[in-house]
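Order of writing sets the chain letters: A, B, C, D, E and F. Residues in each chain are counted from 1.
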Amino acid sequence: MRPSGRTPDALREIRLTREFTRYAEGSVLVEFGHTRVLCNATVETGVPRWLRGKNQGWVTAEYGMLPRATHSRSGREAARGKQGGRTLEIQRLIGRSLRAAVDLKKLGEFTITVDCDVLQADGGTRTASITGGCVALMEAIRHMQRKRQIKSDPFKQLISSVSVGIYKGTPVLDLDYDEDSRADTDLNVVMAEDGGLIEVQGTAEQAAFSRLELNAMLDLAEKGGRELFTHQREALGIPQ
Amino acid sequence: MRPSGRTPDALREIRLTREFTRYAEGSVLVEFGHTRVLCNATVETGVPRWLRGKNQGWVTAEYGMLPRATHSRSGREAARGKQGGRTLEIQRLIGRSLRAAVDLKKLGEFTITVDCDVLQADGGTRTASITGGCVALMEAIRHMQRKRQIKSDPFKQLISSVSVGIYKGTPVLDLDYDEDSRADTDLNVVMAEDGGLIEVQGTAEQAAFSRLELNAMLDLAEKGGRELFTHQREALGIPQ
Amino acid sequence: MRPSGRTPDALREIRLTREFTRYAEGSVLVEFGHTRVLCNATVETGVPRWLRGKNQGWVTAEYGMLPRATHSRSGREAARGKQGGRTLEIQRLIGRSLRAAVDLKKLGEFTITVDCDVLQADGGTRTASITGGCVALMEAIRHMQRKRQIKSDPFKQLISSVSVGIYKGTPVLDLDYDEDSRADTDLNVVMAEDGGLIEVQGTAEQAAFSRLELNAMLDLAEKGGRELFTHQREALGIPQ
Amino acid sequence: MRPSGRTPDALREIRLTREFTRYAEGSVLVEFGHTRVLCNATVETGVPRWLRGKNQGWVTAEYGMLPRATHSRSGREAARGKQGGRTLEIQRLIGRSLRAAVDLKKLGEFTITVDCDVLQADGGTRTASITGGCVALMEAIRHMQRKRQIKSDPFKQLISSVSVGIYKGTPVLDLDYDEDSRADTDLNVVMAEDGGLIEVQGTAEQAAFSRLELNAMLDLAEKGGRELFTHQREALGIPQ
Amino acid sequence: MRPSGRTPDALREIRLTREFTRYAEGSVLVEFGHTRVLCNATVETGVPRWLRGKNQGWVTAEYGMLPRATHSRSGREAARGKQGGRTLEIQRLIGRSLRAAVDLKKLGEFTITVDCDVLQADGGTRTASITGGCVALMEAIRHMQRKRQIKSDPFKQLISSVSVGIYKGTPVLDLDYDEDSRADTDLNVVMAEDGGLIEVQGTAEQAAFSRLELNAMLDLAEKGGRELFTHQREALGIPQ
Amino acid sequence: MRPSGRTPDALREIRLTREFTRYAEGSVLVEFGHTRVLCNATVETGVPRWLRGKNQGWVTAEYGMLPRATHSRSGREAARGKQGGRTLEIQRLIGRSLRAAVDLKKLGEFTITVDCDVLQADGGTRTASITGGCVALMEAIRHMQRKRQIKSDPFKQLISSVSVGIYKGTPVLDLDYDEDSRADTDLNVVMAEDGGLIEVQGTAEQAAFSRLELNAMLDLAEKGGRELFTHQREALGIPQ
């Protein structure tokens, strides 16, 4: 029934490729099916002005899409002279989510910026960015530890994200573009390993959704999240 | 227990003042306690370029905050040369929510823009904007009907919005700034009169939240929503 | 003869409402008839970079108009990405005028910013902004005195402003939009209580004006100014 | 008494050099002493969008200052990414003033843009721009007549402009930078040949000015204006 | 002697991977050693405004660098609100070069935009962009031919580009970042298959270069160009 | 054969007028025939942030064109809100070229900015800017020496620049607009007095050029350069 032939509770093929580029302290290519996002984590000394002297670090994210990541070309934001509302909304979500993975006090006065650049977009770029960005962030923290920039371990927990929706009346997991553009409802869920919810963003594009449907979608998201954590631990070499 | 002395399930005092300004087709001052937002709905002929010839109308929103709506002055976005990420995120949310109130096909080739300008901010500016903006939108549609710009009735349903959160371990309704800045979790809910959910946006600022907590918050939001619909109907002179 | 039925030398109804918002150190809603401007004065420690170390304070103003303050909606400057020429011209005028009310040396190294945001525009928004802004400024200085941020009194004199023009051949006081858009000449006058002129800005939109007409307009402005000072003193509780 | 040794009612040396550049339809280098402004008038077919179909033309102006026109270098506005408030204020004044020289109905659907670029600034750049810009505008209209783009004569009258001020208690004509930066009051006057006033912009930078002082300044401006009209007529070869 | 151990006339390892992304009409990942650029060619109907009605097509390019393509992170141009001078200079060069590969008359009223986004930068990003961009352009034209959007063949010739420089007194081919940042002279050469020069851009960063040195560098560039054409033909399946 | 009647190896009439404006530390009007550029060099204490503490100075350039420097009016970059790609490309070239004239170590912690503003453009504005800018730069250094801001002499060598091209099959020197817009190839050459090449930028606008043609153009450029150095030395009063 799904355009891709997947069962309602099936993720797309997930791949997390570490060290995709050479220079970033953490570099991960994350793929959710045809959606491909390059997540590069950069460690810099110091914190933004408004955090100075508070004896803590900062984690933030930026998001971009290559002009031809999509079916038709969209204008380059650098050329248009500003980041669009969708871009800002997504990078704020990624940043908030990744901060939940880290104890900023233990990070010390460093800033980690996770750049999520979409090379190819087939739906779910924000959830892939969070899932892959968390691995890149972990890599960057390990890099800091190897360099002895920090002594304690600021990493609190893995964070993953997946979309769920109501497609032709059925709750489905990890929507691709074909489904996303026709779904009645779209819910992006960010989870912690212990099952806690970090972010829930649901939008009824066509018709309002009920509490029952919300719960069905959250059940699916939990299942997807468990699988994503397995992929993340595998990529990071953490015992399951 | 709440700084304001309210019980956990109590809204702040809600006021909806119609015809607050003279020129807009719909003009409503909405107050959620000390939060005051001026919602002006403007009717213009025509639709955005990408909708032309599709035989439908458009509803959109813009959001702004006066520089001294808050405890300390924030820079004027017009002077800084761009709208911030928070502003864009909020106005996209308001626009999506208000479109759920209207049958765009029946609206015909008109655009209704709802400007939500915050005169005073004490938490919940986006939920007040949606709740008041829906009344301004309804007013504007009535104006179009009086002017015979449209024959059919494009208004589908009332939409309201309220925030809920976990404050010191307890789910509370309609957070003011004091609570919002210290809450563990903050959830903005947009509802339809029939109980359907239009938008759910939850963020765990301090600690992840559980499915149980989510459900408790949604229960509170439903109660708050029912009261807000009563206020809206009263303001609009619709029999309860 | 005037569209409003006023005599040539009559002001519109003037209202100055203090404490219109809660957070600003000075907050005044000024109304010249249907023209309504919210003037919020903010006190901040420090001065602009180019004044540092000069042992003086600074007073400045910003001006904005809500998109639907006018008969038809005008684009939001924050969304367009810059303040227009008219806006900049007006806020420079307001700032210069208000500085004439204050002894910057006695103010000490503080900056007072007066935000003038037009909620509803029916002509004369800049003169209302100056007249109301001066009251908000005075309030902010009183606030500083109560907080013991300053010891001496930097307030020099009240400043008010009114427009005059030649409408259908007759000099008239305090033009509303109907008159303003059809007047041959428009003159904005900023005055001190002792009768001194702070600013005079006259524009012949249709036909040049003579020295005789200029003097007739200035006579009217003096009369209007005297009445405005009475309103300001009343609002501030200063004995007449 | 004046730093330049001039008598209070003396203009600086005025020069108007036509055909200063080759390509503009009207090109005038205007000099008020050391102040030098290049005024280029461009004729283009068509009018701005909001004037289309109204069967009239348009005259507008743009103003700029070369970065090192002044004693110390000021940043290039093109590099900073926007025109400052002072620039916009001045070019709006120049445009309004020049429109008073032309019958826009008789101009037909053409736009004349007068670019006023300051090569060297020693006070009075806006008054020099208006005075020189009017000559460039007249040249451009003659060019249109030679090219038979228009049949009737849209030129109504010469417009000139000069500054006056109160310097050390004495009214003086045509302030240079030394005087302008220390004057109590500065008044820019735009006049028509018949003695009518087009614009009057007076600012009390240090102390308010009286009606008496205003009249003394306007007397001086009239004298200066008469001399400027003689210079303009001479430059244009119009019999005195 | 070269940091990489290469002989002076050796290119880095060159790879051209077609169909790197799914949606672009031409998509090539080009690698010059560690420098990796994704070149996506997009075909769109129509031409820029200034070319309309001239019965020809257009080829243009845009260039960007991911923030962490380099050793340290550089700010995102979309966030800074404009493309820098280096970016604009490079994308203008790429566009001019690629236009030399195509007969714009035969292309018909289509625009091909080649986006060159640097995933990893180790020197020579502009020469890699031109070399890879030409292959993507050829792919896009083949796509148009398969879709029967054009009948004739607008492809004129292959274009390739390589840098040469004087490094520690010796002319070397295809500088990597280590060499480039310490070279006395840097020359970027764009060539056609028949040996003709399309662009030559030489800069003496440290010391002027002689005609003799220029000729030695051009000899190297010719050798490098011949090898690049072989790589391009191989990637495109064109018999050598 | 050339539109101007010049022989292929003839420069246009070259003029270098010193002290064209009063305030700049170095001010030169350079004319290559009808091309006229005002080059003003400004000396400021300090260096850009990224050079601080490196015990050296900086030389940079900015370039602009007055809107009506050309046959038809082009939009003012300050009004459009950004400098175009061509402008940035040219000012980067001028800056790099002028830095080759100076020993930045000997300059000390000063920045010299050379503003090149085109008053009239008839081809070759960038080469005129470099040639005149070098004289203004030399003047500014002399000014610093007179003021005893520096003791040693940071001036290394004169730099000049000229364009060459292939026009109707013949190599020609110093192209004017008529030739430039129709030339097959255009080469801008920046030279040092000792014959060394600082920059070579060749573009085949219509047809690729051969090594033979490149050498013929460079021969012409050398001849032109020798004549330009003579003009520069004459302007600066340096014995030939």
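In the analysis below, a residue touches a chain if its C-beta (ideal position, glycine included) is under 8 Å from a C-beta of that chain, and two chains touch if they have at least 3 such contacts.
Which chain is which protein? Per UniProt: A, B, C, D, E, F = Ribonuclease PH.
Bear in mind the structure is a predicted one, so any value in this text is a computation, not a measurement.
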Chains touching both chain D and chain E, listed by label: F
Identity of the chain that, by mean CA position, is farthest from chain D: A
Repeat of the B-C interface, chosen from E-F, C-D or A-E (over half of contact pairs identical by residue number): A-E
Chain C against chain B, contact positions shared by both copies (same if over half, else different): same
Separation of chain D from chain F, taking each centre as the mean of its C-alpha atoms, in whole Å: 33
Centre-of-Cα separation between chain F and chain B, whole angstrom: 59
Chain A and chain C: spacing of chain centres that average the CA atoms, whole Å: 50
For chain A, residues that touch 2 or more chains besides their own: 81-82
Complete ring sequence of chains beginning with chain A, oriented so that chain E follows: A, E, F, D, C, B
In the complex, chain D residues that touch chain F: 21-24, 27, 34, 36, 38, 40, 42, 44, 62, 64, 66-73, 76-79, 81-83, 87, 113, 115, 117, 119-120
Residue ranges of chain D in contact with chain C within the complex: 82, 84-86, 88-89, 91-92, 96, 100, 187, 191-192, 194-204, 207-211, 214-215, 218
